[in-house]
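Chain lettering (A, B and C) follows the sequence in which the chains are written, and residue indices restart at 1 in each chain.
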Amino acid sequence: MSFFRQLLSNRKANIGLTLLGVFVLIATIGPYLVRDASEFLTTPLSPPDSEFWLGSTSQGQDVFAQTIVGARTSLLIGFLVGIVVVAIGATVGIAAGFFGGWVDDVLSLLTNVFLIIPGLPLAVVLAAYLEAGPVSIAFVLILTGWAWNARVIRAQTLSLRRKDFVAAAIVAGESRLRIMFFEILPNMTSLIVSGFIGATVYAIGAQVGLEFLALGDVSKVTWGTNLYWAANNQALLTESWWTIVPTGVCVALVGFALVMINFAIDEITNPRLRSEGGWKAVVRAAGVTPGFSTPVLRRGSLADSNALADSSAPALSKEAS
Amino acid sequence: MTYILRRLGFYLIAAWVSLTLNFFIPRFAPGDPASALQARFQGKLEPSAMAAMKVAFGLTDEPLHVQYFTYVKNLLRGDLGTSIAYFPAPVSEVIGKALLWTLFLAGLAVLVSFALGTLLGILTAWKRGSWLDSVAPPTFIFLGAFPYFWMAMLLLYALGFVGGWFPLLHAHSSHLSPSLSLEFIGDALYHAVLPAGSIVIASLGGWLLSMRNTMIGVLSEDYITMAQAKGLSERRVMLHYAARNALLPNVTGFGMALGFVLSGSLLTEIVFSYPGQGYLLFEAVKSQDYPLMQGLFLSITVAVLAANWLVDIAYVWLDPRTRS
Amino acid sequence: MSSTPPPAASRARPGEPLLSVRDLCVEYVTPTGPVRAVDRVSFEIGRGQVFGLAGESGSGKSTAAMAAMRLLQPPAVITGGEVHYEGRDVLAMGEDELRAFRWKEIALVFQSAMNALNPVLTVGAQIADVIERHENVSSAQALERAAELLALVGIESSRLRSYPHQLSGGMRQRVVIAIALALNPPLLFMDEPTTALDVVVQKEILQQIAELKERLGFSILFITHDLSLMLEFCDTVGILYAGRLCEVAPAKELFANPQHPYTRGLMRSFPELHGPKQRIEGIPGSPPDMRSPPSGCRFHPRCSVAIPVCDQEQPQLITLAAPALARAVGAETDTPDAPVGQQRGHRVACHVAAQTAGSSDV
């Protein structure tokens, strides 16, 4: 079964993909369906009611509209940064792992240094010197976020390099670039996907953080600036919880969806992590409590169990005469 | 021992890369923040301080390498320039006091979160499919998906404003001055409950998940089967055979994640007006205090590097294989 | 070993084997249905005897042994058969009973000592913890015993404080044996105890095991894929193929007169040390996919002498009649005074062998 088919048949992945799909849909068409998110529309700081479902901000803007509109920039930057980060990570990681020697020494050192330098303070310094806005934020996030993927992909490249098909390609005289991107890269699909997801989670979170610090363009409506204005206008003192809760919950739901997909990828690539649910169900169905020692289920109990009703293996049915 | 020294060498390189980045960022930034800065400071600073500031921002006409050496020399003397927001205090002095509060808050939160997450990871992996295993990981993954500062705002709102059980801001009550008295320490801990608590809640899931994953990997090792075959008690197999080994890769991960968690805790400080590095960073951004911002970047980096070195020492203590 | 009691030989009842495994079945629960890894395997081990279980990797030999100690992890389940140890029903034991039973009665020697030893605990701690667990002794006494056990396998007591990575491969394997002997168990399961070592060390370790067995009188279940080791070491040998026993016989008899085509194939795939040079031939094909094993005799797709019935009916293990054996191997038949519990006779599960040799059903 291919990696993507396995992903689609995993329950956690399905939860994550569905949730993510909803948010992508909201970000795409949502802004056309709601009121203007920047306009002064109603009494400032009015709590949620039937007209303004999530109440209004201290500027009298519609919180519901702001939440929907904010999704667009935040998700777009998140995914873009995710893609670029994975591309850089893959290039650096594969190059380091494939060439080895001094190339690896230099790239690994660089990777490890960027991994250990705390991202937010560096991002703040960078963002402060750049013109405020989504492009600067994206640039800063890429610079502070690429290292993790490079490290993981380098490790995987090292182990793939020892495989026969790579050795064969080298002996056959294929060009190095070809081997790196047509032999090695396709064998890291799951790693690339999970790296992309991880980078996107980071990008969305860090972007919200930087904008909360007023390092974004505060005139644009994004999830980060929503929270910045809420905090700036003393949302807590005025007890207007509706100005912070919706955006925070959206950020968390997107993050949760992405992490669930990564959780599923872990399960697919590492069979040990897969749930032992089937085994447990079979053992329980036979009236035995699962423990640390191998359970004893008397003859026939396995084939009778409902948990494996679709059992096609002949083991018990045919031969247990 | 060679391991520890090798790591130290790496941290020195990392520190050098950081300070070099710090040197070049203002010089290569688009626009001209440096001359804007000069305009702002004209007439405010003494000539000597002005000169130092010029050096720090590449406003001298000297060639780049000379500027660089002057910059490094000043850094080694502990001279990070003068703060604008806290004018005329030197940056090093402004940072000095705040660093302790950050180390206290972030250190407390990280240790509690790592310990709790690891413990939950051990238990969920050991009793797979149990009630705990089906509830704890998804719950903490979900909680971990919230931005740290948002979690801080929520706790502050619910337990501070509405509940009124915890102080709303600052690191200690204003009527107490910092000392090592029991009263002051208790007061500081009381003030740390909400900010540290929000960091713990938001970061616990990561430790839980990685410990659970490595535990599950370790549980299929032969030495675990052997321990079970020896008839050892469940506790001994779980802690001394499984968890002791699963802890090792997680301690390495702990070091690498420190910078990340610290970044989150900086934002948390802002929510609670906690007088640490994060709050200063916020002030620096608000008043465009570039010297302070850059000084903070360096001091936070050095703190993270030092913490990582401590983690390395702990690792050597935990893994006998690194000792020889 | 002055402080350890002699093996539980006193509990011996005449006519009863130490370990008796009957029709043991082990299955793995998989999303596509159960996979039977061990299918109705039976064998007995008498006191002081060495029973060998041979087969390719994946044939179920380790699985059968681990199942007998109830040590298989999910998704394995035992779905049938009986395991009796000195009359005690191992399959009916509860968790606590099993913890007390393990190592005290049956200890394990793993294939790879590097993987079997906990890398973060000292050798001493790993010997002492099992003694403290099962016997009412202080930790000082347990460490003293650990030193004695190391001496028994020829390692100086200063190594108690060493960690596994500080020892050579041979030493690690000796440590594993010392841990196995810690409670002076009547029975040892040895799963390829020397495969991970180089040939010289292999010989040394095997010799040491033989000497210790002589001295302490324990029985052994010896698991290997190396038939020449079997001949040297075992009293009785069982050959497993795809989870089923296909031939069981006294070691010498099996080597002199293999009946099952698979056994013969296995023998041909090893060079003979003595006797005329023979071409080494492997067995064509590869072991079956256990998710959908072949019908009838599981070996028939690879068998050169298969007849029509082979893919229809599963052959039963039958005892070859004595005359057939006499005809085949001359004087060398079962000695009437063979120790109690030893597998008598020569049993084979093969339609072809049954036809040609003449047999009596069990």
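Going forward, a residue touches a chain if its C-beta (ideal position, glycine included) is under 8 Å from a C-beta of that chain, and two chains touch if they have at least 3 such contacts.
Please read these numbers as outputs of a predicted model, since none were measured by experiment.
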Two chains sharing the most contacts, counting C-beta pairs only: A-B
Chain whose Cα centroid lies at the greatest distance from that of subunit B: C
Most central chain, judged by mean C-alpha position against the global CA mean: A
Centroid distance [mean C-alpha coordinates] between subunit C and subunit B, Å: 55
Length of the line joining the C-alpha centres of subunit A and subunit B, rounded to whole Å: 23
Separation of subunit A from subunit C, taking each centre as the mean of its C-alpha atoms, in whole Å: 49
Contacts with two or more other chains, residues of subunit A listed in rising order: 276, 280, 290, 292
Overlap residues in subunit B, where contacts from two or more other chains coincide: 220, 228
Sequence positions of subunit C contacting 2 or more other chains: 66, 71, 73, 98
Contact set on subunit C toward subunit A in their complex: 25-27, 29-36, 39, 66-67, 70-80, 91-93, 95, 98, 291-293, 295, 314
Residue numbers on subunit B that touch subunit A, as the complex places them: 10-11, 13-14, 17-18, 21-22, 25-26, 29-31, 33, 128-129, 141-150, 153-154, 156-157, 160-162, 209, 213, 216-217, 220, 228, 234, 255-256, 258-260, 262-264, 266-267, 270-271, 277, 281-282, 285-286, 288, 290, 293-294, 296-297, 300-301, 304-305, 308
Subunit C contact footprint on subunit A (complex, rising order): 276, 278-280, 282-283, 290-299, 301-303, 308, 310-316, 318-320
Subunit A - residues contacting subunit B, complex: 109, 112-113, 115-122, 124-126, 128-131, 201, 205-206, 208-209, 212-215, 227, 231, 235-237, 239, 241, 244-245, 248, 251-256, 259-260, 263, 266, 270, 272-273, 275-277, 280, 290, 292
Sites on subunit B touched by subunit C in the complex: 219-223, 225-233, 236, 240-241, 244-245, 248, 318-321, 324
